[in-house]
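Working notes for the structure below.
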Amino acid sequence: MKRWDLTLLVILILEICIFAYANPKFLMPRVIFGSINDIIPICIISLFVTMVMITAGIDIQAGAVVGLSSIIVGVTWQDLGLNIWVASLVAIIIAALVGLLTGYIVAYYQVQPMVVTLGGSFLYAGLALLISTLSSTESYKGISGFPESFVNFASYRIGGVLPVQVVVFLVMAAFAWFLLHKTKYGRKIFLIGINQNAAEYSGINTRFIIMSTYVLSGIAAAVSGILLTSYLGTAKSDLGATITLPIITAVVLGGTLMTGGKGSIIGTALAAVIIGVLKFGLPLCFRVNMQYLDIPVGLLLLIVISARALSNRPEVIVFISNLKKKLDSKQDLPLIKTT
Amino acid sequence: MSESQFLLEARDVYKSFGLNQVLKGITLTLKSSEVVALIGGNGAGKSTLMKILMGIYKPDQGVFKINGQSLENLSPKKSMKAGIYMVPQEPMIFPHMTVLDNILIGFSGKKADLEKKLEHFYRQINCKIDLKRLGMTLSIAEQQMVELLRGLMRESKILILDEPTSSLTFDEVQTLFEIVRDLKKKGIGIIYITHRLAEVFELADSICIMADGKITLRGETSKFTREMLVQALLPPSFTPASKTRSELENKIRNAMPILQLRNFSGYGFKDISFNVLEGEIVGIAGVVGAGRTELANTIFGKEIPLGGNVILDGEDITGRSTADVIRMGINYVPEDRRSNGLFGISPVCANITSALLDSKITGNIALNNAEEIRISEKYIKDFRIKVTSPYQEAGSLSGGNQQKVVIARSLSTMPKLVILDEPTRGIDAGARGDVYKIIRELSHTGVAVIVISSDTEEIIELADRAIVFCRGRVSAVLEKDDINQQNITSASFGIYKEEANA
Amino acid sequence: MLKQIINRYESKAFAFLILMFVLVSVVNSDFLTGESVVNCFNDSVVFTLLAVGSAFVILTGEIDVSVGSVLGISAAVAATILRDGGSLFWAITMAICVGAFFGLVNGIGVAVLKIPSLIFTLGTYGVARGMVYVYTGGAWVENLPAWFTSASHSYLCGYLTWYYALVLVFVIFVQFLLSHTKKGHNFIAVGDNYQGAELVGINPTQTKIYAYVISGVFASVAGLLFTSRIGFITPMSGNSYEMKAIAACVLGGISLSGGLGTLIGAAIGAVIMTSITRILVFLGLSSNYDNTITGIILIVIVVVNTIIQNREIVKSRREISLKRIAQKAFIDNQEVSK
Amino acid sequence: GDLKDKTVAFIPKLTGNAFFESANVGAQKYSKKVGYTVEYMGSPNASVADEVNVINQAVARGVDAICISSVDATGLNKALADAMKDGVTVVTWDSDVGEDCRTLMVSQGTPDILGKMLVDMSVDALQKRGVDPKKKAVKYCWHYSQATVADQNSWQKEGEKFIKANYPNWVNVAPDNYYSEQDAEKAVSIGASVLEANPDIDLIICNDSTALPGQLTAAQNKGLNKSKVTITGFASPMSIKNFAKSDIIEEWGLWDCGVQGAIGTYLGAYLAAGNEVKVGDEIDLPEIGKIKVMPNDSLVPGSKTGAKNNGVVLLPERLVFTKDNVDNYNF
């Protein structure tokens, strides 16, 4: 797994080098950080969807929950008159409840997670739209006019350079990393993903843990929704409509096994950034029109995943080890001569 | 034409999985009407060789001939056409198909004819499984039955049986033997893989011993003795542990009951009452479906009880959740290692400490890695688990070592009572000795042990007291001196009468 | 036999559909004019094909999220040919080739390279969608010949279009092949137990490749019908249809873990999915409820069905266990009576 | 200043939509003639987040001006204000943002102009088939893309107001409107259901370029034509031509989006080159003619106008297509 993280890091550095070479502007902190803002929601959510997927689940409703929490922030603030930060808290709580419901159905009724969250992706997108029609502001307008403190929050740059969003992401990544890789809770997540039956025989409360991962991913979606609302200065019901598939892409590219039991926060974070940088760098440095971006991102996914699958094949492992041996023996050769 | 005296010839078969060279030039021959017993330690490569014959794995190298005709690029289809069929070690059941479809899938021909044929075999092996049941409702033993029926239906010239008796009990094993003898008469060649040496002498014409990817010994059965086989199979340094009964007896006599079952009933068993004392090893024997695993599962909180009580150390724990039961001091080694026991792609240390995650030992919130390694290393040392490091993936260990890991997991919680369900199923003789040693040492420390086993020899070897189940009820309680093959067998069928022995 | 049919999941799904229709008719009797009901079926023709194609893949235990994009690219290719005066034969051939090509690529990626299907098809999803933009230059393909578009509303009898009738007959035929031929059994067997299928002589790699090619071809045929029905192709044609196709399969009782379900179920599921939009119109409800209701129906049906199924499994296991003990009593009595 | 080396990013709400693609064609052609550069940049999804992304990309790429049709009235403000801070000239077209976050807006007309235009076309078509819109209780409904799409909704709102004021006897059979989410398949399906659920409907207004052809297809399938039901709305002439020829539709409208794209990008380049305009000025566009800068409150009452380089430019005319004139247009 560490090896895969490293591979991703190399890919990222390579990507940045190529883009920087093609267009030196790419490396200007203002440019690169400006672009990072656009991918933060995907990055944050994929961290926690990683946990869901390690339990052998999947969450394809996160995008819908982003829109739902955004509109909840807007409606509770504008129509219920809540303080904006209280409104944000309400959104987080509701998203957590959404996660709880999903997790409950998945864990306690053993319904396939793909189906539950597929249903959820329809349901919560629909609910977000319905909630927006309840508001005194027309759905199409998007609720705006938020207090300065809220609007400036997501675009604030620490030291004038580092966007607050990036800091939020790094903090959440560190939290997720600690939770998954360093705590007993994280260990249980892995064990459940590997073999849920065996985990039960070990006395692990598998259902509760599985449910909790959906709650976490719901909360992450809400945090992203709030950040987006703040960043754009407007609350809309369809804010997360297009981020579901990129999230799954990032998680899997990050090395998480679809069947569960394996995955890494660092890998996911790196993969999310790789995709983000690719989507930003190609138009900037190679003038690829955004509507064609699906092709390079799709190809990247296919190539990287295929290469990884191939490199795990026994034949290839043998070949590489033989190659290594040969190289080693060549290096040994002069030594033998001298002795 | 001297070549064609062999029904099957496999020469110089090589196979490696990545860097792991499993078969290093195997040559195996089989004549018609011959039963070749293939034995060898876990991971010797027996199943791999058979899967190559079946065309499931591609060999790196090797020549295969059937009746002198050479075969190339084997695939399951080709192998079957050539008359080879394998009953695999791990049953491969289609969970959403009925038993009937499970057996008949892959056959061509009229369904009615096939069903008639099936009926014949059903009667022959005295099988009672409802043909309309779905595959997913079958127990492992029943799954193995279905697999066997598939093999018989094939009417192939070469039948491979890969540990067919590992989940079967005495009477079914006998039925199977009859069938094998019958097939032999019909000129069919059989490769029989097993870890049970008694079966070898009962059935086989010749014996092949595999070790380290090679055939190390081959010859007619009459030329071998049991001791020779054991010698050939065991690692050179192995010293069998001996039973020190008298010491144990004293201990048990004064011991307190750890576990008391009082008219305990559940799905699959009824009115079970017995005690297990401190430091005692209680064996539970019985035929398949006798309800032993269900009893264990129900005590362990995996299934709801229907009546009666389970009392552990004076406290009633009937119907508690698994986590509670573990905390109260019981642990269980499930019979199906692959699906309930092992975390295959997880490191050995994580496997061993998995039952400790709710205790403070492994840390409060953060995982205490140092402690985890300390605990794992202790068990790795004590149980002589063969690993390169505590971080090795558990799934890459041999069967015996996997079983030791699972046992270590259940002991790590320092239970007062351990229930081991089929602790040596599919394990080679060396590892089996180790497991027995672990069990005995455990009882010396005062832990109460229940061993559920379908292997009568195992009960005889281990148990201080044997409880025999028949159709969900206790049909006999055999004190140490009464534990023998005959008593267990008769009790398993509910015809044991104490007076007869008295 | 009758009981078997009633107990089948597809019958329950169909009953649900009828129930939906009845409820709507109670609110708005206009719906009962044969036309509206039949049109629910006619309108589902594209999704029926997509869902049935996806069903093949899902039955083998995999998933195909590229069908929407494949529909888009096949439709764009066919529409461009027809717009530029090409022959129908050529358009159909090219569309099917495109579908088969993407199916083959998916099949090789999933079955040969053994890459998780969601990921691999996610990749082809992106590539195919991007190619629609490249191929059309982002513009609409418009002004298709009238004979081609009018074919979509030529009726077999009453309000039933030829298209749906043909697709329905085709689906039933394919279902027959699936459940009554050896090759057909292979798909389900591979999804039910991969290694087991291998052992009984089925080639799972080949079977999965077939499934993906079938899915691709079905998607391209769906693209053709889409083109004919709509009469113009936007680069976003078929966008997010894959999720609806999967939802249709699930509603139709196909298990996403493979090995369980029928094509008929998928076809019924497709009708349920597409009817929701229409039904809202008749209920006088805003289209804003569309996704909400789809989501609720999907979740509720699947949760209820799973609970019932799991209950049945536990119940039957327990019954078997109890029966085993009961036998003992039976034997005892016999012995006593002797 | 000189427009020669100026680059304008022309940003649609989404790519792959006939309207925006036509506007791009117009902008590209015109820029080649006049001699500045237009780069078409957009996302296939009409989403705020994606459009902000595109703006950031354009700025990073170093364009001199941005000419954008916004998907959201407020969501782009911050990104555009930042772009202006970076010295990029911002012009909007088709769909506006906050008036202080751009210089000029090239408007096809205010919502009330366009809302009224939709109703006027409807009335004209109704009259042509012999219905007296003043007397008859015309049953009508709206069918467009989505409740969240800004401009379509604003036209609908104004159109509805206009109907209430001038034709109080008309009956809206679906006050919640019908939405087909720019999904052609859904547009046909909804279209058919609308006709079936309301067999006596007189008028369907489709102010969305996917909904209109979808609705017409549904009518055609049902064997209806312009003498039985009136369907009208906004869509490019090419996409509706065949329906007009088969007499399914009497008339529909749009404005010359190609010209709009041309004006928008030209103004972007013009202002980026250092030229200044203020309210009341007339700008002379080669081959297009003079256009006048008007104050922002001519579009949105009550809005303020900056001292210079701020205001609204109205497209000279909106087009109504019929089967007779449709061949004169090729977008």
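In order of appearance the chains are A, B, C and D, and numbering begins at 1 in each one.
The rule we apply is simple: a residue touches a chain if its C-beta (ideal position, glycine included) is under 8 Å from a C-beta of that chain, and two chains touch if they have at least 3 such contacts.
Bear in mind that the values here come from a model prediction, so they are computed numbers and not experimental data.
Taking A-C and B-C together, the chain pair joined by more C-beta contacts is A-C.
Placing every chain at the mean of its C-alpha atoms, the farthest one from chain B is found to be D. With each centre defined as the average position of its C-alpha atoms, the distance from chain A to chain C rounds to 30 Å. Averaged C-alpha coordinates give centres for chain B and chain C that are 42 Å from one another.
Inter-chain centre distance (chain A to chain D, centres taken as mean C-alpha positions): 36 Å.
With centres taken as mean Cα positions, chain D sits 74 Å from chain B. Shared contact sites, meaning residues of chain D that touch two or more other chains, fall at 15-16, 44, 147. For chain C, residues that reach two or more other chains under the stated contact definition are 129, 133, 138, 235, 255, 286, 288, 290.
Across the assembly, chain A contributes 129, 133, 291, 294 as residues in contact with two or more other chains. Contact between chains, as defined at the top, is found for A-B, A-C, A-D, B-C, C-D. Residues 63, 65, 109, 113-116, 118-120, 122-127, 129-131, 133-134, 138, 235, 243, 246-247, 250, 255-257, 286, 288-296, 298-299, 302-303, 306-307, 310 of chain C touch chain A in their complex. Those residues of chain B whose C-beta lies close enough to touch chain A in the complex are 16-19, 300, 302, 322-323, 325-327, 332, 334, 339-346, 350, 354-355, 357-358, 362-363, 365-367, 409, 413.
The touching residues of chain C, counted against chain D in their complex, run 28, 30-31, 33, 35-36, 39, 43, 46, 129, 133, 136, 138-140, 142-143, 146, 149-150, 152-153, 226, 229-237, 239, 274, 277-278, 281-282, 284-288, 290. Contacts from chain A toward chain B in the complex involve residues 178, 182-188, 190-191, 194-195, 197-205, 261-262, 314, 317-318, 321. Those residues of chain D that touch chain C in the shared complex are 15-18, 21, 44, 147, 174, 176-180, 182-190, 192-194, 196-197, 199, 210, 213-214, 217, 220-221, 238-239, 241-242, 246.
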